[in-house]
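Take a look at the structures listed below.
Next, two complexes with subunit A in common: one pairs it with subunit B, the other with subunit C.
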Partner chain A sequence: MIRYIASRLGIAVGLLLGLMTLSFGLVSLLPGDPAVALLGEYATPDDIARIHGELGLDKPVWDRYLDYLGRTITGDLGHSFFTGTPVAQELWTRLPNTLVYLVPGLVLALLLGVAMGTFAAYRSGRLPDKTFTAGVSVLMAMPEFVLALLLLFIFYQQLHLAPAPLGMLASADIPPPKVTGSVLVDAVIAGKWKILGSVFSRAALPIVTMGFFFAAPFGKTVRTGLLQILHSPQIEFARACGLRPFQVYRYALSDVRAALMTYMVLLFAAALSGAAIIESVFSWPGVGGWSLDGVLKGDMPVIQGFVLVMGATSLFGYVILDVLITLLDPRARGVALRPRRRARPIVAPTM
Partner chain B sequence: MSVQGIPRTSPGLRVADWAKRGRAVVFSRSHLAVTVVAAAVILGLPLLALVMPYPHSPLRPDPNAISVAPNATYWFGTDGNGMDVFSRTIEAAKLDLPIAIGATVLALVVGVPLGLFATSGRVGDALMRVVDAFAALPTVVIAVVGIQLMGGSVLDVVIAIAVVGAPRFVRLSRAAALTLRSARYVEAAVATGCSPLRVAFNHVFRNAYGVVLVQATLTAANALGTIAALNFLGVGAKPPQPSWGGMIADGFSMLIRGDWWASAFPTAAMLLAIGSLNILAGALENRIERVERAR
Partner chain C sequence: MTAGLEVRGLVTEFAARGGAVRALHGISFDVGETEIVGIVGESGSGKSTVVRSITRLLVPPGRVAEGSVVFDGRALLDLPERRMRELRGRDIGFVAQNPFSALNPVLRLEKQFANIAKAHGVRADAASRERAVALLEATGVNEPERVIRGYAHELSGGMAQRVVIAMALYLNPRLVIADEPTTALDLTVQRQVLDTLRKLTSGSGRSMLIVTHDLGVVAEYCDRVLVMYRGNLVEQGAVSRVFTAPEHPYTASLLRSVARPAESPNAAEAARAAGPSDRVQPVEAAMSETGGA
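Let's turn to the complex of A and B:
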């Protein structure tokens, strides 16, 4: 098992190196001079030369590449062109703000999806199933910002239940004393639970938006998976043994688990892109909105840092997923644990 | 992704089949009506934008009518700049739908040959890794990065959306090629000395294009959503030029105050178009299933 995990990690590290190269190439190989982007069209050649020196652009590409690799490995992602703050620090202080609605949102989506998908499969072909299918296709057709606007209109404008989409803290809230720079972590350290409560009341709509948006694909996966497995001999056997429906469905759901987990990681990437949109709707001070802002302004270190962190997160998400699936599925576990004796692949006839 | 609906041994799904079999067999009547309406929406909206005499100019604001609620003069009301929401909603179809469809076609043109030929060997494996990696990246952010780096014209939007969409076609056509290459008629074609190009397109693709077509319709629907999201964020169409996403973004501040019309009508138009494409995809899928079963 350890060997299996190690080999997975090895591949991930290799891919990470590729990712770093890609994010380096993003700046170096594309047309356009960062110094011109920084200073504007009317910069004097002297100024441009000075900025080149500051950014290290006067050195040859190979030197810069090694330099970049070295800095990135030590955790230095460079400084934003526009605000001058270190990208890594900015990412770390903003990440909790995004996770505070992203994680509950995905959990909500999972719960909703599994519950609705199971119910639809249980009543397949009847009214609940048809309602579910119709609802899912409507939700799938709806981009997340439309959902966010709809919820805002209903719960903020019409019912006055939700707070205004003006960020994470009300203007009356006094931010906690600065320790780590992240409002949430600081609030926990200072024990200011009221602020935390205020943040969560503001996070409610983003959480619900995420929950509904991602419940649709989860529900669909669960329903399709369950409908397949419910006609399998093992479930027939479980039924024949006289198990209660609840037990039968528990067994059936454990079969859908691997598919759901794969989906979860894929959705994490989609959720990051959704985060950019949701954060710009709710003016939320998270990673998504910040990186999007950086992209729109052409802030290269921000783009690089974001691509790198995002790619790395997905990569290690895949590794964890692979390992978890192997641990949970006895069949896959057997394959992974078998000593390295590779069967020769059957060569298919070439076209 | 499965490759259901790919016949293994018989020649392909022909468009002519649509007419041959009695229509009542193909669709139930209500279903046919829905399909026709969906097709009419997709084809009609851009055409309408081309030929319709607008009640008001979609580009020129009326300073005397700012944020006016829907009435007899302004059917859908006006937005915060005093521009007619109705004309702009129709005008936006002229931009958004062709971009979505153009991007899908481009993704098809790039993705399908790659998938058909990358079935084996090291290049193919490497390509599939790239395709997998793409699936793990957030599409909207990648599209925004791409568009910003390329400059931000309409063509850049088409390219970015196509790049984001192409991996699906690579995967789908590769799966088809892997399933079909052991089929009897493909072996026969190879044995009689057909060129690989001919085998790939004339024998493999022609028997799989139904699934690809369904996927293409779904991709176009997705692309519409992505384009709207991009325009909502301010990437793509330049300000006076109306786009559904941009109009929704413009109407956002009005929506918060309770003036729903400036966002609601473009949203409805966009959802109508996305829904129509989804319905068309469903109809195509049904159609393919029926052809399958008839054999």
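Let's turn to the complex of A and C:
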């Protein structure tokens, strides 16, 4: 088992290296000179040469590549061209802000999706199912920000239930003492639960937006998967053995499980790279808005850092997914584990 | 017939665009105690629909439109679904056609046995597990203790079908319904599984309704036979009578279509020599001819 996980991790590390190369290539392959972007169009050749020297752009590509790899591996992602703050630090303070609404949002989406998909599958062809299908089509056709604005209109403007979409903290909130730089982590460290509560009350609408937006694909997966399995000989036999409806449902759901987990990881990656939209609407100080800013300004280290972190997070997600699916399905488990066990004597000396 | 199964005027329909399509046109038959009754007929004749109508396992758009099914004095079609569920598995066992698609692929077999026990209010403990192991042994599973700890995909087809039989018999049902229980198996294994099934059903005071398209199986294992054709029960009677003196022309053509004429109930001898499914091919070939008539 450990060997299997290690092999997955090994592949992930390889892919990560490829990712780093890609993110390095962004600078070298994309048109435009970072020095010009940094200094503006009226920079003197001397200034440009100086910046080239500072950024190491005067060295050969190969040297710069190795340099970049070395720095990245030690956790140095460079400094923003414009603000001068270290990209790594910026990421560490901002990533928790994004995850605080993204993860609950996806969990909400999963719960909503499973509930709606199940309901639709069990009432297939009847009114609840038709309502569901129509609802999913609407949700899928609606861009994320429209949904966000709609929710804001209802809950902020009309009902006054939600706070203004002006970021993570109210102006009256006193930020916790700085330890890590991330407001959330610091609040936990300082035990400032009020601030945490304030953050979550502000995160409510982003979470609901994500929940509804991503509930549609989850719901569709569940409905399709359940409809198929509910008509399968496996479920017929389970019913013929007199299993209770809930037991039958659990049998059926275990068939949909793998597809759901795959969707979870895919949507996590999609949501992370699409975080800019929600964060713009809610003025949320997460990685999304920051990276969008970087892209618009041509702030290369920021773009590189963002690409790298998104990629690494997705890769990590896929490793976990792979391992979980293999662990949960005895058939896949057998295939994944047995040949390895037999191969041990051959592999051992090289390890 | 008092204690067994009594089916009267069963009409099953499948809702379709522009009205319902009838799959069964009023079927009536009985299965007496310790009796083994076979249902034969070509594909699409409604054999499986009969079984699903009786056990109420039809999925929409299928539904029983008319008729009555009385089992053990209870009118099954009038029972609330909750009571019907309690009956399934406990009073009526069901042997599925393909064991690999019937068993849960991700649960250990012992867990699946335990779930059946729990569903019927039986404690899933060491004693109930022991009964499952004993039953597996009785159905001829090698190393039942090891098998029950494993998964379905680790078994051969014959072994998996024995596990399915053991699950169907787990709570000691009085009626066993088998839907083409050997179609998915090798020829050599078919016979062993059928022998096991007979030993554990009518040999143990149970009755059995067995769906098959294999006349050899009927000849050897059944007391009575129901012949179905296009949703109708065209003929029923003791196997010896139906096989020697068929009354309905379809039955006659069905019997003629068998390569080695099964003109006597002693077809068992021939079947034993040839293996039951030798006969399948010619039967079905002839069926498609008669189907057009």
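Please note the rule applied: the second predicted complex is superposed on the first by the 338 of 351 C-alpha atoms of A that agree within 3 Å, B and C clash if a C-alpha of one lies under 4 Å from a C-alpha of the other, contacts with A are read in each partner's own complex, and residues count from 1 in each chain.
FYI, a contact is a pair of C-beta atoms (placed from the backbone, for glycine too) under 8 Å apart; a residue touches a chain by one contact, two chains touch by 3 or more.
Only a predicted model underlies this, so the values are computations on that prediction, with no experimental measurement involved.
Participant: Look at where subunit B and subunit C land on subunit A after superposing the complexes, then choose clash or fit.
Facilitator: On the shared subunit A, the partners fit.
Participant: In the superposed arrangement, which partner chain does A:Tyr156 touch: subunit B (first), subunit C (second), both, or neither?
Facilitator: Touch status of A:Tyr156: first partner only.
Participant: Counting only touches as set out at the top, which of subunit B and subunit C does A:Pro45 meet: first, second, both, neither?
Facilitator: After superposing on A, A:Pro45 lies clear of both subunit B and subunit C.
Participant: Using the superposition on chain A described above, determine whether A:Gly75 touches subunit B (first), subunit C (second), both, or neither.
Facilitator: Neither partner.
Participant: Scan A:Gly84 for contacts with subunit B and subunit C and give back first, second, both or neither.
Facilitator: In the superposition, A:Gly84 touches no partner, neither subunit B nor subunit C.
Participant: Go through the superposed model and pick first if A:Pro60 touches only subunit B, second if only subunit C, both, or neither.
Facilitator: Neither partner.
Participant: Between subunit B (first) and subunit C (second), which does A:Leu243 come into contact with in this model arrangement: first, second, both, or neither?
Facilitator: second
Participant: Calculate the angle at subunit A, using C-alpha centres, between the directions toward subunit B and subunit C; round to the nearest 10 degrees.
Facilitator: 80
Participant: Answer with first, second, both or neither: which of subunit B and subunit C does A:Gln234 touch in the superposed model?
Facilitator: Only subunit C; A:Gln234 stays clear of subunit B.
Participant: Of the partners subunit B and subunit C, which touch A:Pro143 in the superposed model: first, second, both, neither?
Facilitator: Touch status of A:Pro143: first partner only.
Participant: Decide which partner touches more residues of subunit A, taking subunit B and subunit C as the two options.
Facilitator: Partner touching more subunit A residues in the overlay: B.
Participant: Of all C-alpha distances between subunit B and subunit C after superposition, which is the least, in Å?
Facilitator: Comparing every C-alpha of subunit B with every C-alpha of subunit C, the smallest gap is 12 Å.
Participant: Subunit A residues touched by both subunit B and subunit C?
Facilitator: No residue sits in both footprints.
Participant: Show which residues of subunit A lie in contact with subunit B when the two form their complex.
Facilitator: Going through subunit A, the ones touching subunit B are 15, 26, 30, 137-138, 140-146, 149, 152-153, 156-158, 164-165, 265-266, 269-274, 276-277, 280-281, 288, 291-292, 295-296, 298, 303, 306-307, 310-311, 314-315, 317-318, 348-351.
Participant: Any idea which subunit A residues touch subunit C in the complex?
Facilitator: Spelled out, the residues of subunit A in touch with subunit C are 124-125, 230-234, 236-245, 247, 251, 254, 328-331, 334.
Participant: Flag every residue of subunit B that touches subunit A in the complex, lowest number first.
Facilitator: Listed in rising order, the residues are 119-120, 133, 135-142, 144-145, 148-149, 177-178, 181-182, 186-187, 190, 196, 199-200, 204, 221, 225-226, 228-229, 232-235, 248, 252, 255-258, 260, 263, 267, 270-271, 274-275, 278.
Participant: Once bound in the complex, which stretches of subunit C touch subunit A?
Facilitator: Checking each residue of subunit C against subunit A gives 55, 57, 59-60, 85-90, 94, 96-98, 101-108, 115-116, 118-120, 151, 153-154, 164, 167-168, 170-171.
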